[in-house]
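Shared between the two complexes below is subunit A, which has subunit B as its partner in the first and subunit C in the second.
Then we have the complex of A and B:
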C-alpha cells in the first residue's frame, strides 16, 4: 500500500521533464541565432544543421555501443542542445569537419564515456569547443565580419556559405575579420583610445554587432530565468565578477584596458553566463555554490581575456570551474531541515 | 560468488609477484614470463608504470620507437646485472645498488644515442636520462631479477621492454596518424638515410589536429588502449566461460547439504 509518493521536488514539477527543459533552452537560443544569422549570414544555420546531424548520429552510435536504449535517450534532447550550443559558438563559416569533430567529441568523450547525461563532470559543449580551438586555430579564428567593415562589403550569400563550409571558398578572407576581442587583444602597443579609433575590429559597427548578439542572448537567458529553468545566481555572479574585474582594472590602468561595458557586451559574455555556465549537470547545485562558481568563471574570463593566450575565455573558464564545482558544492551545503546549522567542510572524526 | 571472482582478478598481479618469490629455484616458466611481459602484466597497460616518458614523447612513431628501444636495452641490461649480483647485495642497500646499475646503463644508452642518433637524442631530450626513474625498470629489478637466475631475468627484461615498447609505438602511431595524418615520418633519425622514404602520408592535405599531438591526446589515447585491452580480456573470459559451460558440469559431483544448489 503506497502511503505517500514523494519524489524530489526539483526533478518532477508537473510536466517538466528533462526533454522539456532541454527544448526550452534550445528555444531560448533562437533570438541569438536570429541575430547571428542576420549579422553574419547563413553560416550559423548551416552549422546548426551539421551539428545536429552529427550529434544525433554520434549519440545513437555510442548508445548502441554501450547497449543503452537509443531512442529513449535521443528523445531527451540533450544531444541536440549540445549541438545547438556548439553550432552557435563556432565561427559561422567554419569547415564542416571542425563542427563534426567538436560535436562528436563532446557527445562521445565528454558525455557518454563518463556515463551519459547527468554523469559528465565537464560541460560537453565547451569540451568540444576547447578541443577544436586547440586543434584547429586557423579556421577557429575566422569570424565573419559585419558587412560594413569587411573588404568585400557584403555578408556571405547562402551558396557561398555552403561552399565555405563543405568545400572551400578562396575569397573567404575578404568576408572575415577579427572580432572586437581579438582586435583588442592584438592592439599591441596602441593604447585603448587609439585602438578604438583606428583598428577596424573595434569600430562602432563591429562592436555594435556583438552588442546585438549579446543582447539577444540576454533576452533568451532572461526567458530561461522567467521559466525558472535556471536561477539568477550563476549568470549574475558571472557577469558581476566580470564587471568588477574589468572595472577595477580599468580604473587602475585606463590606457591599456577596455571598459566594463565592452567586456560585458562582446564575445560570449552573455551566451556563456546564461547558457553555458548554467548547465545543471556540471555546475554547482546550492545557491551559494552557484554564486561562487559563477564568480570564478567571471574572474577567469577576465584573466584569460586580459592576460591569456586566447581572445575569449568563456570555454576555458567554464571548464576550469567545472573542476572546482564538486569541491564548492561540498563546502556550501545548505542547512538541512531539522539541523541547527549547515554542514560545511570536512570534519575529522565526524559522521563520515 | 561474484566477489570471490573479483578478488582473484584483482589479485592477479599480486599473485604473480608471489609466484616470482616462490620461484627462487631455477625452474622459471618461460612461456609465463613471455605472456606476462607482453600482455597480462604489461608495464604500460596494466602496471601503468613509466607513464611520464610514455605520455610525453609518443607524439610520433620514431620518438616512441627510440625511447622504447632505449628502455628495452636498459631493462635487459639492468635485469641481467641485478640478477648476477643478487646473492651478494645486502637487503638494506639493494635499492641504491639497483639504481646505480640502472643509471650506468642509462648513461651508456644516452652516450650511444648521442653518438649515433644525435637528432633523435635532442628531440627526446630529458626523457632519456629520465629512464633511470622509470618505475618499470626498478620494479622489474626488485620484483623479478633480484630473485631469479640470469636467463629468466634477461627474458623477463626483454619481454617487459618489448611490451612497453609495443604500447609506446602503438600510441605513437595513433597520435601521429590522428595528429599529422602520416605514419613513420622522420624514420631516418633512427635508421639512417635508407629510411628517408619510409614516410607514409595516409591522408593527403590533412589539417593537423594539434590536440592529438599535445599531451592531452596521449592521455585519451592511452585510455583507449587500456579500454581495448580490457575489452579483449573480457571477451576471452566470456569465451572460456562459454566453453566450460558447453563441456557441462565438472565430473566430480559432491553432494551439498547446505546453501543454494546452483
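Then we have the complex of A and C:
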C-alpha cells in the first residue's frame, strides 16, 4: 500500500476556493443589479448577458491561444466577475459592441496578456471601462433617466432595450438624461442652490434613484465584509477620503460645490468603494497599504469629479492608484511579530 | 485568583478540532512489541553515544547511550531484554531518513533496574539536579526535543519573569497532552514545582486552550488542594496558540524579539509532558522511557491515547488500534497542520512523538490543483507572525531571496495557517521552506567564500612580509657585497667544489618549503579551531540550537584537520635533511636575486642616463659613472653566478679557506657514503640472485666478493674522511 507523501498542512478550509470568492462577489452585486433594473429598465440585464458571453468567449479564445487549460481557468469565475462589473457599470442602453469592446479588451489586454489571473497590474474591468469611455464618449454618456423626469415619461420596455442595444432606437433620446453628477458638472455658471432647484438631473427623483443604487451596492459590499472576502480598510478609506475632500471643499465654497452626502450617494461611489477598489490583485496588500490606496482613490474621485473632464472618477482614480500600489506596498509592510517597528522602503537587507 | 490575564495574537485559524475521536477510550497500554528501535538522535543536538554492545543484556531503565557533548542526552532501555543490533534503521523524519538505532529484543519480564530517586532534591545543589535530569534523558517533549538541562542552564542565567507551561495543544486531532493532564495531574504539578525550584520565576502560568474543560477542572482542583500559586490561563481555542511565541504573547502580552529566544526576555516555556517526565525522574527515579501518544484518524477503528514505550514501531501501535489498511491513505506523524507524512510504519516512537494520524482519503483528500494567487489577503489575515504571505510567495516564486528576507521570511513559523485558508490551494509553507533552505545554502556558500577571501588575503600579506624581509636582507647584503666584490675570483673555485653538494641539497629545498607551509597551516588550523570553539561556547550559552550542532561538527572536523597536519609536520621534520643545507640553497637563491636586481639597476640607470642626455642635463657625467659602477657590479654577480652553476653561497658571505676545505671534505664524505651505499645495494642484489640461481653460484660469489672488497675500501676511505672532517671541526 503506497502512502501519500506530502508536506504540511494536510487540511484546507473546505469550500473556500477562488471560484467561491468570485461567485460571492458576483452574488453581492445582485442588490445593485435589481435596483438598477427596477430604475433603468432591462438594459442592465441585457448588458450583463452580452458582457458574460463576450467575457467567456474571449477568455476561452485567449487561453486556447496561450495553450492553457481552458476549462480549468474558466471555472475560476474571474472572467465572469469582470463581465458582471462591466455590465453594471456601462449605461443600460449602450450598443452591444461597446460592451463587447470593453469586456474583450479587459480580458485579453488587461488580464491575459499580463499572464492571466493574479498577474494583472491594473483592474481589468476599469481598463475596459476607461477604453470605451475614451473611445466612444457619446453612447457612454447616454444614461437612462428615471421615468418621472424623462420626456417619454417611461422606462424602456424589454423590446425597446433590445432594439437600443442591438440595432438602433431613434427615440432613445426621450428616455435618456444626464446623471446627477453629469448635471452638476455642467451647471456652468449656476451656483449649487440654483442648480439643484432648476436642473432636471438634480431633481429629487433623479438624485434619489442614485441613492437607491448606492445603497444597494453598500448592502452587497457589507455582505462581502461579513464573508471576510474583503476587509473594511479599502472601502472605508475610499469613502472617508471622498467625504473629507467634499466636506472641506464644501465648507470652503458652499456656492459652487455639492455636499459630502451628494458625493457619497451618487455615481459609482459605493460600487467603486466596495467592488472596484477592493480588487485584490491590483490593489495594496497590507491593511495600512489598503488605507492609503483607498484614500488615494477617494481623493482622486473628488478631484476628477470637481475639476476633471469626466463627471465621475472611479475608473481613472482606481487605475491611477493601481500604478501606485506596488510603491505603497513597499512602504506599508506590517510590523511582523518580534520586530520593534515595521520595515519599509525599497532598501533590501537593511536589518542585518 | 488563579486565573491569569489573557492577551491575543494576530491572525490564527479555527480548523475543525477533531479531538473527540481519540478521547472516547481510556488511556491504552499496548503490549510489548517484538523489538524496540531506539534512534540515537531523539533530541536536538549531538546524537547519543551507545554504551552497550550487541548481545548485551539490559534491564529496564539501564543507560544504553550517553550524552555525547554539551547539547545531547541520555537514552535508557525501555524494557529489559537483549541488544540485538546497533544499526541503521528508518526513523521518523520528513525525508524518510535512516539513522543509527539501538535495537532491543524484550525478554518479556519487563524487569526494572535499581531505581534511585532524587529524594533530597530540595536540599542539594541545583547543578546536581540538572546533571541528574540530563542522566535521566529528559528532553522537551513538545516537539523539538531540546535537552531540558541545557534549556534550564540558559534560563538560570537571568532572572525569570514568567515560567509558562504549554498545555495549549492547539493542533487538531492531538489529545496526548489533554490525556496526560487528566491522568497525571498531581505528577504534572509536582514536576512544575521542581522546575520552579530550579528557576525561581516570578509567575508560573499554565496556558491551556478552553477546549479542554476536564483537564482545566482537574488542574484547578489539584492547585487548590496544594494551595499552590501556579496560575491557570485559559486561552481561546485558536490555532496556533500552542506555538511558543504565540503562547508567550497570549499570556504576557510581550513578543519574543526576532532572532532571540524566550530566555533572553526572562521567560521559560516547558511542555506538560516534560514536567511529568521530570516528576517521574526526581520522585520515582524513572528515566524517560515512555510517553503518551495519540493514535487517531479515520483509518483506525479504535482511536485512543496510549502510554507507549519509546522505540515501539508505529505498525505495532496501528495494529493495536485496529487499523484498516484499505482505508489508510496518509500516515502523519504529528498533527494535520504541522505533522509530516511517513512512508513506512516501521519507524519507531521517539521522545517527541505526540500523535500518529492514520488518515483516510476522505478525511484528507489530495490537495486541489494550485491556482494563481489573487492576493486576496486571507493568508495575511491568518498569519500569526503578521507577515505578508502573498508577497513572500511572489518573492519565493521569483527567487528574490533578499526581498523575501526583507519581508521577514525567517519570522515564519511554518504553522500552515496561510496554506489552510488559501482559496487558490497554494502550498505556501512549502514555498517558504524551499526559499528558506535556499537562503541558508546561499549563506553557507557566502561564509565559505568569505573564508577563502580571508585566506587569500592572509597569504598575500604573508608573501608581502616575506618580500619585505628579503628586501631588507638584500640591502644589508648589498653593503657587504660592495666590500667583497673585489675578491670574487677567490670564491669561484670554492663554488666549483661546492657544486655537487648544492645539487644534492636541491631536492631538500621542497621539503623545507613543505615544513614551513605545514607549520603555517598548523598555526592557522589551531587559531581557527580556537575561534570555532569560542563560537560554539557562545552558541551554547545563548541557546542558538540551530548553530550548535553545525558548529560542533565544524569543531570536530577542525580538530581532525589540525591533528592530521601536526602528524604530517612531524613526519616531514623527521625526514627533512640536515638543516645545514638550507642556507646553502638560500644563499644560491639570494645570489640569483641579487644579480637580477643589479641588472635591473643597470637598466634603470641607463634609462636615466638617456633621459639626462636628451635633456642635456649637467648630471650626465655623474649618471654615467653610476652606470659604470652598476654595470660592473652586475657583471661581477653574473660571473659568480655562471661560474658556479647555482651560485656559490660563500661569494656573498665571508668565504674562508678553512670553511671551503671543510665543504670540500663534506662533499667527499657524501660521495663515499654514496659509494658505500651502492656497494651494499649491489651485494644485496647479488645475494638475491645467488639464492635464485644456484647454478651460477660460483660466478656470483666471486662478484659478491669483489663488491665486498669495494665496499670495504669505500668504508675505509669514508672513515678517514669523517675523521679528518671531525678533526677540522675540532680545530676551529
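FYI, the second predicted complex is superposed on the first by the 331 of 352 C-alpha atoms of A that agree within 3 Å, B and C clash if a C-alpha of one lies under 4 Å from a C-alpha of the other, contacts with A are read in each partner's own complex, and residues count from 1 in each chain.
In the analysis below, a contact is a pair of C-beta atoms (placed from the backbone, for glycine too) under 8 Å apart; a residue touches a chain by one contact, two chains touch by 3 or more.
Everything numeric in this text was worked out from a predicted model, so none of it was measured.
A.B. asks: According to the stated criteria, A:20 is in contact with first (subunit B), second (subunit C), both, or neither; which is it?
C.D. replies: Only subunit C; A:20 stays clear of subunit B.
A.B. asks: Go through the superposed model and pick first if A:134 touches only subunit B, second if only subunit C, both, or neither.
C.D. replies: Once the two structures are laid over each other on A, A:134 reaches subunit B alone.
A.B. asks: I want to verify the contact counts: of subunit B and subunit C, which reaches more residues of subunit A?
C.D. replies: C
A.B. asks: Once the two structures are fitted together, what part of subunit A is touched by subunit B and by subunit C alike?
C.D. replies: No residue of subunit A touches both subunit B and subunit C.
A.B. asks: Give every residue of subunit A touching subunit B within the complex, in rising order.
C.D. replies: Checking each residue of subunit A against subunit B gives 97, 101, 109, 131, 134-137, 139.
A.B. asks: Hey, which residues of subunit C end up touching subunit A in the complex?
C.D. replies: Residues 9-10, 13, 15-16, 94, 96, 172, 245, 249, 255-260, 325, 328-332, 334, 336-344, 357, 359, 364, 366-369, 371-378, 380-381, 384-388, 390-391, 402-403, 405-408, 411, 414, 416, 419-425, 427, 429-430, 433 of subunit C touch subunit A in their complex.
A.B. asks: Subunit C touches which residues of subunit A in the complex?
C.D. replies: Interface residues on the subunit A side: 1, 3-13, 16-18, 20-21, 72, 76, 78, 116-119, 228-229, 231, 280-281, 283, 285-286, 329, 333-340, 343, 347-351.
A.B. asks: Which bits of subunit B are touching subunit A when the two form their complex?
C.D. replies: Counting only subunit B, the residues touching subunit A are 207-212, 214, 220.
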